[in-house]
Structure formats: structure tokens, C-alpha cells
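My structure is below; once you've seen it, I'll send some questions.
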């Protein structure tokens, strides 16, 4: 079979670089172009020297990259995808938008939290939220996937069985999440200055992070009803990984002992989600550089709360890996193709 | 004035080393002895080469160190202090027990969580819980201080104004805490193996950590009533620092806007606690190597919760620093003497 | 084609775990057994939780693993391979010994530096030193490969063109090498205790490291004559990677400007060695998690020295990756199969 | 005694912040002003939140800070000090220039390596090179100290006894140095981007670093004659610390066994330099956050080389600490006053 022509828009950022590396190893893919705002004409290996001598391509402009590919990955800051997605769709390309523009169905919410006006509402209606484990069938049929945010991926996978099976009270939900520094992207800032971050750890955007409405909207689709969650992200002194600790009241009448089984059964056939045995807890080091999600459960009997700990690699299952998982589904390819199934152990 | 003769029991562990370094710089102190279980006869500088050429003393046995000092710091695993404290008290020494043996007033709770029987209940009654900001006057008058646990220190300082002023509902309290690796002590284990921890981050002892009853008992003393909290500690890939994120429902009728002021006023005169201005958040890097605690407050209006973020250095305010603060109080010395007031900025 | 049955002896160590992960992704390999000294009967995933839910196998004893495989990788401390290699060879298995036992041809040197007696000298004669770029043809024909040490791999690849082409004076050679902590292995020690290593950096085994005679013997095979080098290893606060900085006098009559070209030509067709363009320097982050070696050259005109900087991942090209490269050569498989060609960029 | 009025020029950089923290604890000092290029009017605590609630001062302009102080510390990029030093000297202030402008006596060399013209040669003649251990008496008498570079401090202290006592051949000297990231300063750059540096390690400015002529000129003053050294700096994934590994041929006729003693005697009375016992090696973690230098010696008998390993904290003995040491000498204060004598052990 001839290879699928793929382009990456915004390939000079961290997600773009991760995606390029994954796509290079994907047996069904031919990368036809990489675009960048600031590096047009410059070779990939100059921005990311890990590629030197192994693979190279000069960054090009968006229009050329779109034109030469059949499938486009967009890795752009919010507000910058919508127009380019329109161009792609007008040229009958398939699109995985790794940015935030198409994640929310409620466009008022989008405007409220992102401060951006929507120009093409029909596109937003058409977009499928690309949490593969939740929307697999719709993803297979769509031409436009909105790849989930990194935090929501770890959080929604951790909550999906509990919410869908009505084991817990959504209104009691508190989410304390911690991310590696790559989540902050490649742009230089004091927050990612090595000397200041190396032994630093902090909460940020407390109860105001833009992933909040995404979490709430998707929980509603899982059956939670209208919910407001407290969501606090923190920045770890580590490169990769998100660990989300979620606290939620177990509903009256639910047998707490059954929860572990319900989770294990729910994800039994999922290639990228593993529910750890009772008593085991995940570590971000278990999933780094892989597309895996690991989930550990604890019943806090003293307070009758379910405490869920979920880990992913924010660059893989939280961004580029999940994007390729969605690409595989959209193109009718084996879902795991080209993806890393086992993290290095150190 | 002649210097106070001070001995450190269990000086070869991390807390003991930190304490020795602080005491060396304390103008009123003469270190008369350092004891160790495994290193008797060996010089301090062999175990901690930072002391080489500047200060040295051979580790001695407990009995000799106790005998030669007027004030003893005990830095021992739980269950190992009680007997030695008895010996010290019988010899009319003053004691700061940095371990866990005397922290809980409810001895049944102590037995339940620590699995250790109490031999000298009168001593436990006599011990004063050494959270200096809460029990300053009692500490001044006692001969036996139970130095608080590292997590409880950060948590109780963060909650003290809210609980005392009845601003929040204690029963809703969720505490998500993160500690640097020095908190795990000097003993070798896989959890502190560099290669496995360097880019790792995990929750541990979820809802079962022994600091839980300490937190609950002291909250009760602050006015919370009987409370069960969900407390989940995590291990950061960093040496020092605890950041505790606390979530608690604001009580009906409380003006959320007043909370910031109440906190600022509450700690106005405290030398080691700083409430950050509204909108500012603390980072463990702001307090490392100092005896400071920084607290940042956020009102989550969407859920009417108060979110408190509190940071300390677990080796300083969380252990050795607070122990010296208590020592200063007990001996009638200026409370800040010998203590680090400002953290290095990097 | 049916898959090749492969066993790993000493699979519970770091190199064994890395090798298992690589072999899992190798399309021509079936792992038939993993052995361990201390974990027989225990599942791999319990020792390395990254495998959970994706792949598992209980550790077995050496004899069974040897019997069930056609090719064996041995990942053992020095002195422990020789006997097992004998067993493997007697059963007509092919062997890649990742340990040190067969690296030195001069058995007196081996005894001098390792303090171990040789029992089967014929085996040592038979063994081929597995620096693939140097001994490719012999590796293809042998049944026993001695996989090079991690430091020697980075050093010999960096020096090979200069020594072979007689550009430099071997007697002037000084090698300052720095390794990540995984090189110290999984055994717990103070040197790899997170709190002590996190912000630590030190030289160790100064001019006495056992890789010294290996470097000198192989340099001799490259044409250096009898040489004594000063070799000083250091331990970086990082997980993976070796960076070797080599200083050597340029011979009279050599046109310093030609050296860059000679290097580039020398390695032009090598899949795993890249000579960076003049003015570029390598970083261990350019090769981590890949089997690549990057080399950067500087002519110090003021002293007429050649300064070579070479980087590899000690777990990959320095151990498990190179072992699989040798396996591919021995089995007539495409040399790069199953190996990581491009490092993640962060 | 009334306190000495001290101002810091360029106080918003890393060295400035470190200096401010040290000066705050200095019993004889009153900080009268802090200047900054970019932050005039902003409080110190906004740039360095570790100071919050403990000490604060708004950054002011250079002229005001100079006017209000009797002693000035200048912490500026090269080329920016000369003019300000002239202003200070014209106002009869004492100056410690922590930058590079006055370090070289050979002004042609200065121009060649720094590309900057000298305007006030007389000032350069007047400046005393502030390696306290070498120039103590001159420092006591001068009004202008040129504080040494961080690398040269670690290197010159390591070589001083060997060169002065003519134990080694200076022409054979090779210096491989490794620094923590704070040495790169506060300005944002890719090289100090956390995600790229966290697990990175690289050589930079190979044989072209501006500290080279400083090392060579001062070695000459120690008796080395005209020498060209190969000096290669590397950037560690750690905040603080310089470890310099120096390789130099032992001269014929020198008894290698005597070298350890010569070193120990040489530095016997120095408060900030410790020669470790034979067989012991220093680690940057032994000196971080202190003004100490530790030196370890190895005789490489196989090559008859002396290998010297020297460690300092680049922010302390390599910059702000040594500046205060010089200040103490200039002002007739006890040399160790206000300085940290023992590093934290972790």
C-alpha cells in the first residue's frame, strides 16, 4: 500500500517535534511537510539536533504543507487553528487539531474561557472530541478530530468508569494535577528557566485553568450532569508526565469493594489504559515516552471517598501519541501502529 | 553568657545532619555530643563530607551524649524515642523530640496508627506539641516538646486561621501534599534510587499516612471538632520542600473576600509565616534552606471553596529548623536566633 | 520466517530491562526466557512496573533460560559470565556477553584489573569484541560477542578515525568522561541515593577505572601502539548518557583543517555514528533513548590539540542497544532492525 | 560600631541576588541601595519571591545607589563596569567589581578576548585581582578589587600549590571544567530552558572561553611562565557548583608522594580551602551554598600525571561569596564574617 501523505503544522514546537518523531517510525506514513512560524527555511535538525544525520526536512510555510499532504496535524496555540482547519477542510484533507480550538462544543464557554470568537461554527459541530477510548466509533468516521488537552486526557480516563457507572457524586469532585515542564511548551519564560525550576514546584492558574470547562463538558457527556469541579494544576521539576489525583465521594448504596472490578473490566480491552491491581499506584516514570495511561484506585474508607491516581505522558497520550492514535482510527489503521506500548523503565 | 550544652541523638540521619549544621551557627549553643546507632566512633565528616575541615566530632553512644548535654534533640524513628526521653527527663534535661512518639495526645490513636505501646503515659501528657505559632506560651514553659511532623506543619499552618475563625467546613477538607525526597530519610530504598526517582513522581500511602491522625487531632484543638480528612502525600523529584494544596468548602455566610485579610492579620507578627498577597502563589523554591512558611490563598468562586497552598522546607520548618525555634522558645532565647530567615533564590 | 528464540540472563538489572524492552519491539525476536538471581518466580512487571498490562514473564533460573533459547544475552557483573558462556557454547547457542568477562584479549591484564582468574582461555580467544563499527565482519561470523564497556564505546568511536589515520599522538591522550547514573546499575548505594546525587557531581575511580585497559588494548588494535591513557570518569546528576571529552596532540605535519573531513568520511555510511558539522557540539540529550553516537570536533589552535566530544546513551549504544546491533549482525539481520534511530528531543 | 553602607549595582541578576542575601546576614553591613537596569522601582521581592515578608527594597538607578553607599559591589556584564567604577572611584568609594572588566592586567589580551576598548587604563593598573588566597595583603590595601571569574577561582586554587612549588609542567596542563546552570545567569536562553537542560549535558565554548586568558595570566603570576592551556567548560544539569578536573605532568625529579603534603601544608590556615585526605574526592554537593573550596589529588602513576579535582559553588566562592570575602579584607573585618562555612549536606 502506498504511504499516507502527512503534514505537521506548527512542527517546531515541542508537540510538533514529538509528533514528527512518532510519524517517522510509523510504517504507513510519509511526512510530506513540516511548517513553522519562525523557522521557515531552516532544517528541523537545527532546531532539534537529535534528528541530525538521521532525518531532516526544512520547515515550510503552512499553505505548502497543507497542499502537499492528505492528512494534517495542527499543533498551534489556541485561536490559531480555526482558519487553517477551514483551509484544510476546503481542500478535503483530514485534520487532527492538537490545539484547543475545537475541543469545546459549547461555543459560548469557549469564548468565555479563551477570549476568542468562533468564525466557522459548522466546523466546530463537525469536530469529534478525540478521546479515543470514549469516542472511538465517531473518530473512525470523522474528518476532523479535536485532540483532547493533556490534563483532561489524564483526568477523563481516570473518571470515565466511575462517572459512567454512576458510582460517585460528580459535584464533590476535586482534581489536583501535576505536570512536567514540557507541558509549558518551548517558548522561554521564567517559569521554565532551569535554575528557577530545577528544585521548584508550584501550583498555577488555581481554579482558573482553561482545561476546566473541557473537563466539565466531557464529564457531562459521560453522564455527570452539570458539574463544577475544582481543578488545580501544578508544575513538576520533571520533563514529562501528568499525574492527576482525583477525590470524589462514593454514592450511597455503592459497594466500594466493587469499584476496582468495574474499572478493570471497563478498560480490559483498551490497548493504552491499564488499571493497576488494588494496592498498586502509578508513577509518571511508568509511562514516560509511551502512549500508556496507568490508573490506581484507593478507597478511603474513613471518608467514603474514591481516590483515583492517573498518569500519562503529556507529550504522548496527552498530545502527540493520542493524535497518532486518532489518526490510526480515522485512516482505518491498526490503532496501536507506530505507537510506543511500553515506557523505558528509567 | 556561657553557651548551652546541646546533644543530638540520632545525628547521622538527614534531620540530625541538618540540625547539627544549624546548631553550629547558633551563637548560644555548644554541641557537646552527637550520637548514632551505626556510626559510633566514626567522624561526622566521613558520613557528611560537607563538614570536612570546618567542624568535626566522632559519633558517640546515646548515654554519653545525654549525660554531657543540658538539652537534647532526638531524631529517631518512631518507637525509639520514648525510652530515651525518659532517661533525659530523669536526668532533668530538656528535650525536643523531633520524632513521632509524643505528637499525639490520644494514646489509643497512637497505638492504632503506629502499632507501638506506650510505656510512660505521664510523659506523653507532659509533652507540648511544638507548632510554635500555635503553642508558643506552653512551649516556653515545658521541658519536653514534641516537634510536629513535616506534613502536619505545612498543613496546620495553612489551615490555622480558617479553622480558628470558623470560615470553612472541616468535614470537607481534602489535602493533597507533595514532599521532596529528603523526607524519606537516609536509608537506601528503591523509592529513593536516583535513576528511578529522577524523573518520577508518585502518590504513596494514599489515605493511610501516619500523619493523618496528627492533622486531625490538632485541627480539633484549633476548633474543627471531630474531623476525618483525606490526606494524600506524593514524592517529588526534588530534595527539599513540601507543598500542600488544601481544598475546603467556605461556610455559608462567610464573606469570601474577607479571608485574605483574616489570614494576613493572623500571621502579621509571625517571623516565619508569610501570607502572600492575593494572586500570588508560593513555590517550594521560595523557602528551601530557610525556616519560612509561605501561604497563598485562592477563592474558587465557581465552587465556593477556599484553596490554600502552603510551602515549607521539610528539613527546616518541617523538622530541624522548627526544632531550633522550639529550643529558642524553651530556653528563653530570641525565637529567630540561629535560623535562616531568607531562602536562597536558586 | 520463524522468530529467533532469545533469552536474557540477568534480566532484572538495568541493562536487562532495557534489553527486554528493545527485544520486545524487535520484529524477528521471540523472548523465550528472562533469568534473575534474586527474583526467580516473580513477574517482570513487579520489578519494572512500566511493563504492567503490556508484557509480562516470570523470571526464571539461568539453566532453563539458556536451554529454551537459541541466542543468549548475558547481563552480569564481571566474573559471573564465563561459566555460563561455557554452558551456552556447549549447547551451541550464540552469545552476546554484555558484561566485562570477554572484552580483554590480554588475559593477564584482565586478571590484573579485575582480580579474576580465567578458566576457559579458548573461549576468550574465540570472542569477538563487539564494537560494531570496528569489527563488523568478524562479528558476523562469530558465535560469541563481547559487548564493549559503555565508556570505551563512546571513547573508541570518538578516537577511531584519528588513531587509524595517525593524525594524533596517542601518548598524549587524556580522557575526561561523564556518565549518567544508570551506569551505576540497580544496586542501592549512597552514590545513587537521590537526595545526595540530585545536585551532586563527582569524579570517581580517578585513573583506576577498569575500562582503562579495554580502551588501551583496543586503541592498540586501531594502530596506536602501546599507550597509557589518563582516564577519569565522573557521575552526572542525570539518568542516561555518556559524554567523553578527549584531548590529544595533533601530530606534526598533519593539516588540522583536514581532520573534520577525515572524520565525516570515515563514518559516512555508519547508521549509528554522526559527525557533527564543524562548530557544532553534541549533548547527551541528543542521543538519549537511541542507539546513536554523536561526535563534535574542535581544533585548539593555541595548543595544537584535537578536542573530541563524543556522546552516547550508556544504556543503548553503551550496552543494550549495541548488544542488539551485534545480535543483528550475528544473525544476518538488517543492522538497524529494532533499534531506535532518533532520540526524543526532550 | 556603625554599619558600613553598601550598595549593589546590577542586583537583579543571579549574582546580585546571592550577594544581597549574604549581605543581609552580614552583621557589619547596611544595604543602602540595589540597582537594576530593567527593574527600577520594582521591589526585590517581586523579582526574587524568597525575600517576601523578610526584606525588601525597591530597585533604584545606578547613580543613586552609588551616591548613597560607601562600598559598591558591581555585578554587571563585561564592558559595563568600567565607567561606573570610574564614577565610584571619583566619589572615593571602595569597589568590588564582580564582573570581568578589571581581571586582566594585559589590556591587549582583554581587548582581544572581550572585544572591548579600555577607557581608563590607570584604573586597571590600580585594580587588585581578588583571589583572596593569593593576594590577601594587596586586597587589604586597595580600593578596587577585580573579583575573579568562577572557573578561574576553582582552577587557580587547585593549581596554586603545584605551580608555585614547581611540581608540574605548566605547558602540559589540560582543564576540563563543569559548571551548574546558574553560571549562565538569569537571562532566558535555550541553553537554560528546563526541558532541554534537565537531562542534558554539553561542552561549550571549547578552547575559546573568555576565562582562558585570565587563567593563563594568573598562572604566570604564580610562576608558570608563559603558558597556553586547553580549557573546556561544560554545563551540568544542576543549579550550583563548579568541578574542575585538571591534568598536568609531574616534573622529573619531583617525588609524587610529597605532593599531597605540600598541598595540605599550603592551605593549612586557609578558612575556605580544604585539601581532602589522599584517596578522598570532592563533590559539588559538599560546597553548595557555602564559600568553601575542596580539593582532591590523585597521582596517576601509569602516566606520571597529577590529576587535581577542585570544587566550589560558582555563586559563592565563584562570585558573591568571594566578593564578600574581599570586602571583609578591604574593610579590615574578620575574613569569614557573614560567610557560610559549611554547606548543607543535601
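Structure notes:
Chains here go by letter, A, B, C and D, matching the order in which they are written, and residues are numbered from 1 within each.
Operating definition for what follows: a contact is a pair of C-beta atoms (placed from the backbone, for glycine too) under 8 Å apart; a residue touches a chain by one contact, two chains touch by 3 or more.
For reference, the UniProt names are A, B, C, D = N-acetyl-gamma-glutamyl-phosphate reductase.
This is a predicted model, so every value here is computed, not measured.
Interface comparison, B-D against A-D: more C-beta pairs in contact at B-D.
If you average the Cα atoms of subunit C and of subunit D, the two centres end up 39 Å apart.
Work out the mean CA point of subunit B and of subunit D, and you get 36 Å between them.
Distance between subunit A and subunit D, defined via averaged C-alpha coordinates, is recorded as 46 Å.
Shown for subunit B are the residues in touch with two or more other chains, namely 14, 182, 195, 197-199, 237-240, 282-283, 285, 346.
The touch graph of these protein chains is complete, with an edge between every pair of chains. Contacts from subunit D toward subunit B in the complex involve residues 14, 17-18, 21, 24, 48-55, 182, 199, 239-240, 274, 276, 280, 282-283, 285-287, 289-290, 292, 294, 315, 341-346. Residues 14, 180-182, 184, 186, 188-190, 192-195, 197-199, 237-239 of subunit A are the ones that touch subunit D when the two sit in their complex.
Subunit C contributes residues 174, 176, 178, 195-204, 206-207, 228-230, 232, 234, 236-241, 243, 245, 247, 281-285, 288, 296, 298, 300, 302-303, 305, 307, 309, 346 to its touches with subunit D in the complex.
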